[in-house]
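So that you can tell them apart, the chains are marked A, B, C and D in the order they are listed, and the count of residues begins at 1 in each.
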Amino acid sequence: MSTPAPATVRALELEKTARAQRLRRYGVWIAAAAILVGLPHVLRTPVAIPVMNQMGIAVVFALSYNMLLGQGGMLSFGHAVYFGLGGFIAAHVLNLAGRGVLYLPVPLLPLVGGLGGLVFAALFGSFSTTRAGTVFAMISLGVGELMASSALILDKFFGGEEGITTNRAKAPALLGLDFTTDRHVYYLIAFWALAAAAMMSAFSRTPVGRMANAVRDNPERAEFVGYSQRWVRFVSFCAAGLFAGVAGGLFAVNYEILTAENMGLSASGSVLLMTYIGGVGYFIGPILGAVIFTFLQSMLSDYTGMWLLYLGILFLATVLFVPAGFAGVLMLHAPAWRARRLGRLLGPYLLAGLLGLVVAVGVVGLLEMIHVVVSAPTGRTAKRLFWMTVDVRTLWPWLAFATLAVAGAVGLRWAAPQAAKAFTEASRPVETR
Amino acid sequence: MLELVLFSLLNGLVFATLLFMLSSGLTLIFGMMGVLNFAHAGFYMLGAYFAYTLTGYLGFWPALVVAPLLVGLLGAAVERYGLRRVHRFGHLAELIFTFGVAVVIEEVVQLAWGRTAKSYEVPALLDFPLFRLFRTSFPAYKAFMLLVSVGIFVFLFAILTRTRAGLIIQASLTHPGMVAMLGHDVPRVFMLVFGTGSALAGLAGVIAGPVLGTFPGMAQVLGTIVFVVVVIGGLGSLTGAFAASLLIAIVQTFAVALDVSLSSALATVGLRMSAGGMLQDLWKVTIAQVAPIMPYLLLVLILVVRPTGLFGTRET
Amino acid sequence: MSRAKSVFIGTLTLALVASLASGVTPADPIRIGYVDPLSGPFAATGENGLKQFRFAADAINRAGGVLGRQIEIVPFDNKVSPQESLIQLKKVIGEGIHFVFQGNSSGVAHAISDAVLKHNERNADNRILYLNYSAVDPALTNEKCHFWHFRFDAHADMKMAALTDVIKANTKIRKIYIIGQDYSFGKAVAEAAVSMLGKKRPDIQIVGNELHPIGKVKDFSPYVQKIIASGADAVITGNWGADMVNLAKGANEAGLKAPFYTYYAASDGVTAAIGAAGVDRIRLVHESHPGNPSPPKMVGDYIAAYKKLNPNNDINQPRIHTGLNMLVLAIKRAGTTDVDKVAMALEGMEWTTLSGDHVVMRKDDHQLLMPIYISVHTNKSITYDYDNSGFGLSLESKVEREMATQPAACKMDRPT
Amino acid sequence: MTPAIELVDVHKAFGRTPIIWGLSLAIEAGTRQALIGPNGAGKSTLFNLITGKYPVSRGRIRLKGEDITGLRPYAINRRGLSRSFQVTNLFPRLSVFENLRCSALWSRGYGYSFWHLVDNARDVRERAETVMEQLNLTARRHVPAGVLSYAEQRALEIGITIAGGADVILLDEPTSGMSRSETEHVVQLIRQVTAGKTLVMVEHDMSVVFDLADRIAVLVYGKIIAHDTPERIRANAAVQEAYLGVPQGAG
């Protein structure tokens, strides 16, 4: 017969570990805040702050998307709709504030965006969350296409192709922040990104957040423990729309322009991709994905006209080799970390990584040279590649890059199993005495 | 008016058959493997580009056969060496994988053929007006397109209903788990279906290239319309895909002819909308203006009312 | 300290000194940003534009550059996205570049123009100049004009004024159909056509005024059918890219004989793709001599020299040559690269183009005033074709500068 | 006294095939009711009708006197009825602890709250702890349900059913596929966790049925042919003819 006593004792113990856990959790947030405050002082290139602003917005957007995909199991092709609508509404409100029609300091604008996202998520969610799976995905696709096209047709609200512009410097200043520099905006975005991330993390630990996981796993059973799967999905959907709207509001502040493109299918596709390569199964996944994706998207194009090709190859490689995303790879190493054996992995990983790099150099070299042959002006046969200049008319660079690619691949075939073996070894649980 | 209706109908038919060629493969892939194949339009594009190059060496007619075969082989290879490995990671991984394939195809096409549009032309043999009625002529090539897709439809139906492979495919459409238990090599069937689907998309590209243009954005122009057809028709239903192709093509074609807006419609019944406010455009937009987005409206409406699509039996 | 270590540190110091020194060499080139699509579906246009800029810059550099410095074109890929353009603009600013050319898409142009204005207002010590060589929405030099934007292409209304002059003279045209992409430029074309035709030829009937979504129409047959049903004698369209190609093809298939007056139906693959379907059907309104049938010598030489270097591309935007040379002249006259002073020098500047036309940068709105050419797509007597297709543009008529000039409606704030 | 569950003239047909045929049954509150019958008799269908998974074709169903006909499963659950499934039906990616906690949320009044943190919800956590203890799964608290052993999953299946504290509990073949000793353990468990509640159970293992049940209803081809105490059922000729046929205990 059960006596409540042992359970209570255990509960008390758990209380203690829970408290430790909570402390650790707060620690993470405090550390994140410290890093965000310090970053602009460390990264001093002029491009760093604009790129970090972009990343901050993407992080909020991707996290909101993962509330649907990772937490709620809803694959959406139209999440940018709520980002865009939130942004448009924020831009219009900012314009009103600029004209003195209403009083609203810029730092509160993301809330307006969030409200806009929420209202429209509630509207479209009311009929699209009835089902999960493909039906949901396809309705989101239809809604996405409809809204993106409407943005070009409904000229007055969406401003047609050139969109709606606004001016954050004209709105009332708060605490002396007039947002005329990117740095001001950086701190605004950093604050909201952190706040939104904390709230989204908290949401996943609320009853409805937990039930979103349950409904994702087994909608039928969720109904038999008292929850309507439709309502659970609807609440998640609205929350995701809210935070997408916050991201849209941040976008309005940062870029001071909203266009139809922000609501389009490619914007919705990007957020899916960044969330996926980051890792849908982990809270940190979308953050990693957004940072990496944004970085590649805005920096890769400085170096090559074929950056999309490399991005495509990255998707393929991610799906094939690290299907749980970058966060998944990191988390796989938790056992090895706990066993304090990460050091043993350094050698094999370094070797495999180096060989992987060799393959990449070879492949990139070949592709870039083909690109030169196909599209450069006649006579321009020289190409700067990896800090050297090669001439595509001569044979040796072709040979060299091909050799690198093949040799690297052969080496990797040998080194990868070694690394995998080392990983398995290191992840073995420590024998308890 | 008769002229407009007649030719709209004919054009609608031609467009419908093109849609069907694309969606037939996709619906089988979707229905059997549950994969939202984003690379499908990419294979369509490859078909057009392969045919463009092959036409230069072999002429149009051999290219008509060879290009789809090449695309089909490529599709089968993508399934065999890519999708099959990804399959165990779930549908989402498969979707991202096909998305990656789509991006790579589009970029490789630009790498190989350059970024400008290609002058892939209607073959001389078919480059004449078949008949002329009133002021409009109907090109022979379009009649040829009609003929080919009707042929494809008959061929597919025969395969699905008369052959052993077809029966296996049908069985796996309705009872996905059962076929493996009957001792059939499911991965092989998947590869075949994926290859055939890609080949059909390639064929659509070969045929549509000269009419709709052969350029790097051709896959994107087609965009998601094929998904719309497949979903409206019902996942895995060939008949559904056929009906939905017709429906969408006809709706789109005839919507273009309708210069009616909400305000003009209201005006005929005596209501006057005062134009004003942020959404004033909503009243002024004509049906013709929104014709190309009608399919998406249809998609949402149909899915809300009937989640299985018109002819489907399953939801996912 | 070991010998190897000291050698290492020595080398490092040397390298450092060398790199610092190289940072202040007087021969530092004047860098000019080029923000346009270099990837994605519109990359063909962007890449060809970049090549034409580099070609023009090379000629300037061979002639000694400006202020004793060379000029360098620095490309930035904006993927024709307004958002991405702003990111690239931040990079431009971060790299210390002060002059930016952009042309593709009026939507992007609005975004950049607006961002440049805000940036210059907020950063008086670090301004940038936006040189628009191709985005033709009239608003850019009218209600949205500002001091740091200059346009080197004739805007949509100027081109329409020229076009309607030609139509005015053609008494055979009684019914006109207007079709365009549903966005600012398409609408601007339609509006201008309706109002100008109304003034110049009130007897002409507008039998259709159609807008369709950009890049979403797969099959243009239904639209062509509508045009045929309307009995139009001529069609005006601002369509570009695939929308233009497919419209022309649809017209050809259905046997629609009416002429198409267009803005962007040439080169970058469009000419080749339209091919025979456009012969004697497509008319193009543009800003320079098309090179056929008998081009001015300068135009011919320029095209030939470019073709020799870039056999797969065409000189389809001679305004790139005009814009870059005018900027260089302004820098020379200002004697500095200070943005405000260069802009002052550009105001009112006169220039003779390759076609031999005298053009002038109007001070009131920063719009280059120029004559307009109207040419026909053909394969007859073509010396300089497009896309190596055998098809090209042949001059039909020219509308002089005065006729094409539109009143300036710009209220500009100048820096004091 | 109002019956816990009362079915009045319930019919159910799939397409043209009738499965349940004019069935009426009253289950007294506080009893352990077993439902037996040959395969295909409609036992699982009956469960699905009572719990709202399928709508009835005709007839009424009452729960503690309240009409619940046509209500959705969650609405019925909220009125104090909970069920388990014959084929294990858990939240596979959630841990054992989360499975139980999610199942206890609604009944503790948290609803669709997004203003509470579950970690702070002490009552729910303690409930989950208690159930976990009862199921003997405490050592497995962090393990995702999907990777538990079969017996553990079956135990968790019951745990999810009872965690919400419903007073009417329906168990669909709780011991199916279990070894003798596992079965004994589960029977113990059921006895323990359903004390003072109404239990309705479909079961094929006759020893379990006769061990646990206060009352047994025999369902054959969509009809109740007998409903009585175990002793009387054992002696009932009609039952023996229609169903048992073989000596009892063959299991």
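Keep this in mind: a contact is a pair of C-beta atoms (placed from the backbone, for glycine too) under 8 Å apart; a residue touches a chain by one contact, two chains touch by 3 or more.
Keep in mind the model is a prediction, meaning the values are calculated, not measured.
Chemist: How many hops, at fewest, get you from chain C to chain D via touching chains?
Modeler: Contact-graph shortest path, chain C to chain D, evaluates to 2.
Chemist: Could you tell me which chains make contact with chain A and chain D both?
Modeler: Under the touch definition, chain A and chain D have no mutual neighbours whatsoever.
Chemist: Using C-alpha centres only, name the chain that sits farthest from chain D.
Modeler: C
Chemist: Give, as an integer number of Å, the spacing between the C-alpha centres of chain D and chain B.
Modeler: Roughly 49 Å separates the two chain centres.
Chemist: Using Cα averages as centroids, what's the distance between chain A and chain B in whole Å?
Modeler: 31
Chemist: Taking each chain's centre as its mean C-alpha position, how far apart are chain A and chain C in Å?
Modeler: Comparing mean C-alpha positions, chain C is 36 Å from chain A.
Chemist: Which positions in chain D touch two or more other chains at once?
Modeler: none
Chemist: Where in chain A do residues touch two or more other chains at once?
Modeler: 149, 153, 155, 306, 308, 375
Chemist: Do you know which chain C residues sit against two or more other chains?
Modeler: Within chain C, the residues that touch at least two other chains are 43, 47, 182, 213, 216, 312.
Chemist: Please list, in label order, each pair of chains that touches.
Modeler: Here the touching chain pairs work out to A-B, A-C, A-D, B-C.
Chemist: Once bound in the complex, which stretches of chain D touch chain A?
Modeler: Residue positions touching the partner: 51, 53, 72-74, 77-78, 82-83, 85, 89-94, 98, 101-103, 105-107, 110-119, 121-122, 125-126, 129-130, 133-134, 138, 160, 163-164, 192.
Chemist: Which positions of chain C touch chain A when the two form their complex?
Modeler: Per the stated touch rule, the residues are 38-40, 43, 47, 51, 76-77, 79, 81-84, 86-87, 90-91, 93-95, 105-107, 109-111, 114-115, 118, 121-122, 137, 182-185, 187, 213-214, 216, 308-313.
Chemist: How about chain B: which of its residues touch chain A in the complex?
Modeler: So the residues of chain B in touch with chain A come to 36, 82, 85-86, 89, 92-93, 95-97, 99-104, 106-108, 111-112, 114-115, 223-224, 227-228, 231, 235, 277-282, 285, 289-290, 292-293, 296-297, 299-300, 303-304, 307, 315-316.
Chemist: Residue numbers of chain C touching chain B in their complex, please.
Modeler: It comes out as residues 41, 43-44, 47, 182, 210-213, 215-219, 221-223, 225-226, 228-229, 241-242, 245-246, 249, 253-256, 268-270, 272-273, 275-276, 312, 387, 389.
Chemist: Provide the residue numbers of chain B that touch chain C in the complex, in ascending order.
Modeler: Residues 1, 3-4, 7-8, 11-12, 14-15, 110, 114-119, 121, 129, 132, 135-139, 141-142, 211-218, 220-223, 225, 252-254, 256-257, 288-293 of chain B touch chain C in their complex.
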